[in-house]
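In what follows, structures are represented as C-alpha cells.
The same chain A turns up in both complexes below, where it pairs with chain B and then with chain C.
Moving on, here comes the complex of A and B:
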C-alpha cells in the first residue's frame, strides 16, 4: 500500500515537473507581458505586481505597432493554406490511387522535396524573385511557402485517402458520377478529418515561418515572426513589449493548438505510425 | 491527371531552384563587388577545403544534430513510458506538450534569449543562481552558448517525440504485456524484449523526422545567438545564410548550401535504407 502511494506521488511529481518545464516559460512570458518595463527588471523578480496593459497598448498602437504585421501574417497563412489544399487534395487522392511503381516513384519524390533544407533553396528563390520583381510581395512569398507546405500536405493526405475503400468510389463511378463529382461528393466527406488535420498543420507552419519571410519579404510583407525583432535593438530590449508582442503573435497558434490538440497529435503520428507500413 | 498540378508546382518550386542552386554554386556572385561576378567553376568548393569557418560549422552541425536528436528521443521515450503509468491527467500533459510545438522557433529563440537565459533576469539564470551554480552568460560564453541552443531545440521538440511515442505506446496490444507479466518477466525485460522492439518503427521514424528538422534548424539559433558569440553556434545553415545575406557572397553561400543538401540527402538515404533493411 505504501509502495503504491509513494509510486503515485513520484509519478504525480514528475508529471508536475514536466508540465512546468513546458508550460512555465510560456506562463512566465504571459506574466511579463502584463508588467511595466521597470517591474520586469526588478530583482528578485516580482511575482506579485500591479498588472498593466501598457505593453499591449505599446505593441498595438505604439510607434512600432505589429498590427500591419498581423495582417501580413494572416494574408500569407490563409493564402498558403488555401492554395496548398487546392492542389494537395487532388494530388493526394491521385497518389493514393495510382498504380504501384508510379506511386512509389512519385511518393519518394514528394518525400524528397520535403527534406530539402530551406537554407539551400533560399538563394535561388532570392535570385529568381529579384529577377521577376516579386521580392517583398504576397504572391512571391505564398508561392514559396508551397515548397514546404505542399509536400507535407500531400504526404499527410495520401494516408487518409488510402483508408477509403475502393469499392465506394467504384460504386459511385458505376452510377455515372464523374471523377470530379465522385471526388467531391463521395470521397471528400470521408476524409474531412484528414483535411482538417492538414489545414491546421499548413496554417501553423505558414504562420511560424521565419527564414523565407525575413529574406524574401521586406517592408510591405513583414509577418509577425519577423516583426518580433522590433522590440530588440543593440541598445535595449523592451522586454514587456516583446512578451506582449509574442503573446499576440503566438496567440492564434496557441489557441489553434489547444482547440485542435487531438488533430495535431494525430497529424504528428499519422506520419510516424502509418508511414511505417506504407513504403 | 489530378496529380499533375502538384507535380508541376513541386518541380517549379523545388527541383528547378535546386538546379539553379547548383549553377549558382559554380559562379562567383558577390553583391558587394558585382563587377567580379562570373563563372568560377569549382573555385567555391576548393575554397571550402581551406576555410576553417566551414569546418567549424560542419562540426557544429554534426554535434547539434546528433545531441538534439538523441536527447529528444531518449527524453521523449522516457517521458512517454512515465506518463503511460499515470492513470489520469494525460490530457493536461498533452496540452502542455503541444505548446512548445506550435510556437514559432524564432519566438522560442527570443523567449529563451531574453526571459530565460539573460544574466540576472532570466528564469534559468535565477534558478541556477538559487541552486548555487552562480550566474552565467548563457549565450555569451562560446561553450555555454552551444549547450544553450541545444537545450532550446530540445525543449521545443522533445514534446514531438513524446507525443508520437506516447500514441504508439497506447496502441500496443496489452495482452502481450499481460502474458509477459504472467511469465514473470521483470520491468526491464518487458521493456527490452517487448516494448522496444514493438516501438522500433515509431522510434526510427521519429529519428528520421527529427534529424531532417535538426539539419534544417535555423530560426531559433538565429534569434538566440545569431550564430555567435563569434562562430560558436554557427551551424552550416547559419554560415550559408550569413555568407549569402550579410556578406552578400551568394556564390560561396550557394556552395555551402549544396554541401548541406548533400549531407541531408546522404543521411536520409542511409536512414531509409536502414529502415527498409530490418
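Moving on, here comes the complex of A and C:
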C-alpha cells in the first residue's frame, strides 16, 4: 500500500510539474491577451486587472487583422492534409500488402526525411520554387509540406494496415466485394483510427509551420504563424495583440487535439504493441 | 436447395521461389461430398484449398468447378464460400451485417437479405446474437457467425480451413457433428482442410492424404485406414499410429524376432519388410511374440502399453481393465488379417 501511495504521489507530482512548465506560458498568454498594452508592461506583473477585449478587436478587426492569415493557414493546412491522405492511404495499404524488397529501405528513407534539418533545405526549395514560379503560392508551399508529410503519413499508416489480417480481405474477396469495395467497406473502416491520427498530425504540422512559410510565402500566402511574427518589431512589440492572436491561432489546434485525443494516444503506441493479427 | 458443385484439380503445381509446394496435384470431388484434405503441416493441403478458392495463384495445371475452367478467375467469380481458421469476421460490423455482407455485395433487396440472414443465423443457432459485434462473441459463437456468413448465399462449394482448431476439445466434438449435419442439410459440396486425422476420419465422406506436396492416397476414411499405401500414411493415421516391426518375409510366413507368423497370402521370395499393425489390433496373451512391458499409460477408456520387442518399440491399445506391471514379460498376438506389409526401401505397401 505504501508503495502504491508513494508511486501515485510521485506520479502526481511529476505530472503537476510538467503541467506547470507547459501550462504557465499558455496561462500567461491568456492573461496577457485580456490586458491593455499598459497593463502588460506593468511591474510587478498584475494578476488582478480590468480585462478588456481591445487586443482581440485589434487582431480581428483592426488594421493588422489576422483574419486573412487564418484563412491562409486553413487553406494550407487543409490542402496539405487532404493531398497527403489522398496519396498516403492507398500507398500505405499497398506497402503493407506488397512484399517489396525495398520495404525496409523505404522505412529508412522516411526516417531520413524526418531527420534532415529543414534549414538546410530552405535555399534549394526557394530556388526551385522561384524557377517554376511557385513562390508565394498555395500550391508551392503545399507541395513543400507534402515532401515532409507524405513519407511520414505513409509510414504511420503502413503499421495500421499491417495490423489487419490478410484473411480479412480474402474473406471479403470471396464474399464478392472485389478489390475496391474490399478496401472501402472492410479495410478502411478498420484503420479509421490511424487515418484520424494521421490527419491530426499532418494538419497540426502544417498549421504550426513557420520556417518554410516565412521564406517561401509572401504577401499573398501568409499563414497566421508568420502574421503574428509581425507583431514583434524593432520599435515596439504589441504583446497583448500578439497574445490574442496566439490564443485565436491555438483554437483549432486545441479543438482538434481534444476531438482526436483518444486516437492520438493509440496512434503513438501502435508500433509498440502489435496485435495478434499478424502472421 | 441445389446440389453442390463438383471440383476437379488437374496437375496443380505451385512454387515458392525454389521450393515446390505442390508437385502436380490431381483431385476429383463429387457433388454433395464432404471431402477432407488431410496431411501434416507444410504438406500443401491449405495451399490446395487456397488455389481452389482463387486466393493463390499456381504455376501449372487447372482448376475446374462444375465443368468450367476457373483457373485465373477472381475469388468472387467462383461462387465459393470459405470459413477461415481465424474466422476473419469483420470486426467493425455487427453479426447481422457480417452475415449480410456477401448478399449486399451483389445488391440483394433488403427484404431478401433480412430473411436470408435470419435463416442462416438460426441454422447455426446465433439468431439471438445478431446485434452483437464479433468481439463480443465467444470463440464458438464467432465460428458459427463465420459459418452463417458462408452459407447465407448458398454457394456451390464450401471451403473450410481448419475451422475447429481454435475451439476447445469439447466444443470441437460438438461442432464437428453439427458441421456434418449442416452440410447434409444444405446438400453442398464441402472441402475441409485439417491436420487432425481423427477429425478427417469422422467427418469426411472421402479424404485425400497429402504428403510433401503430393496427394499420396484418396479414398473413404475406412479404405485409407484399412489399406494405407505407404509407411508415411500408415504412421500419420491412428492414435497412437501404426506400429512398424522389422520382419523377414518368405512365402506365406513372416518371422519376427524368431517367432513365425502365418500370413493370408503368398508373398514369394524371401526379403526384409516392415510389418505394420495398428495398436488397437494387438492383443496380449499367454502365447505369441515375446515382449517386455516398458510403460503403461491410462487413458480412461483404454490403456496404451509401450512394449519392447527386441530393439523395436511397439505400442498396444488395450481395454482399460488390463492390469500389467511395468517390466513384466508378455506375449503379443495379432491376426494375419490385421497385418500390413511395407517395403523398407520404397516405403510402399506390399501386395501379394
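The working rule: the second predicted complex is superposed on the first by the 243 of 279 C-alpha atoms of A that agree within 3 Å, B and C clash if a C-alpha of one lies under 4 Å from a C-alpha of the other, contacts with A are read in each partner's own complex, and residues count from 1 in each chain.
Here is the rule we use: a residue touches a chain if its C-beta (ideal position, glycine included) is under 8 Å from a C-beta of that chain, and two chains touch if they have at least 3 such contacts.
None of the values given here were measured: they were computed from a predicted structure.
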{"item": "Simultaneous placement of chain C and chain B on chain A, clash or fit", "value": "fit"}
{"item": "Chain B versus chain C as contact partner of A:178, first or second or both or neither", "value": "second"}
{"item": "Contacts of A:190 with chain B and chain C, given as first, second, both or neither", "value": "second"}
{"item": "Vertex chain A angle, Cα centres of chain C and chain B, expressed to the nearest 10 degrees", "value": "100"}
{"item": "Partner chain(s) touched by A:32 [first = chain B, second = chain C, both, neither]", "value": "first"}
{"item": "Partner chain in contact with A:52 - chain B first, chain C second, else both or neither", "value": "neither"}
{"item": "Touch count on chain A, higher of chain B and chain C", "value": "B"}
{"item": "Partner chain in contact with A:168 - chain B first, chain C second, else both or neither", "value": "second"}
{"item": "Minimum C-alpha spacing, chains overlaid - chain B and chain C, in Å", "value": "19"}
{"item": "Footprint of chain A on chain B - complex, ascending", "value": "1-3, 5-7, 9-10, 13-18, 20-21, 24, 79, 82-83, 85-86, 89, 92-107, 110-112, 114-116, 120-121, 123, 126, 155, 159-160, 163-164, 167-168, 171, 201-202, 205-206, 209, 212, 215-216, 218-219, 222-223, 237, 240-241, 244-245, 250, 253-254, 257-258, 260-261, 264-265, 268, 272, 276"}
{"item": "Parts of chain A lying in touch with chain B, wherever the complex brings them together", "value": "11-12, 14-15, 18-19, 21-26, 28-29, 32, 40-41, 43-45, 87-88, 90-91, 93-95, 98, 106, 109-110, 112-128, 143-144, 146-147, 150-151, 154, 179, 183, 204, 207-211, 215, 225, 228-229, 232, 237, 239, 242-243, 246, 249-250, 253-254, 256-258, 261, 264-265, 268-269, 271-273, 275-276, 279"}
{"item": "Touching residues on chain C, where the partner in the complex is chain A", "value": "53-55, 74-77, 80-82, 84-86, 88, 90-92, 101-102, 105-106, 149"}
{"item": "Chain A residues touching chain C - in the complex, by the definition given at the top", "value": "165, 167-168, 170-178, 181, 185-186, 189-190"}
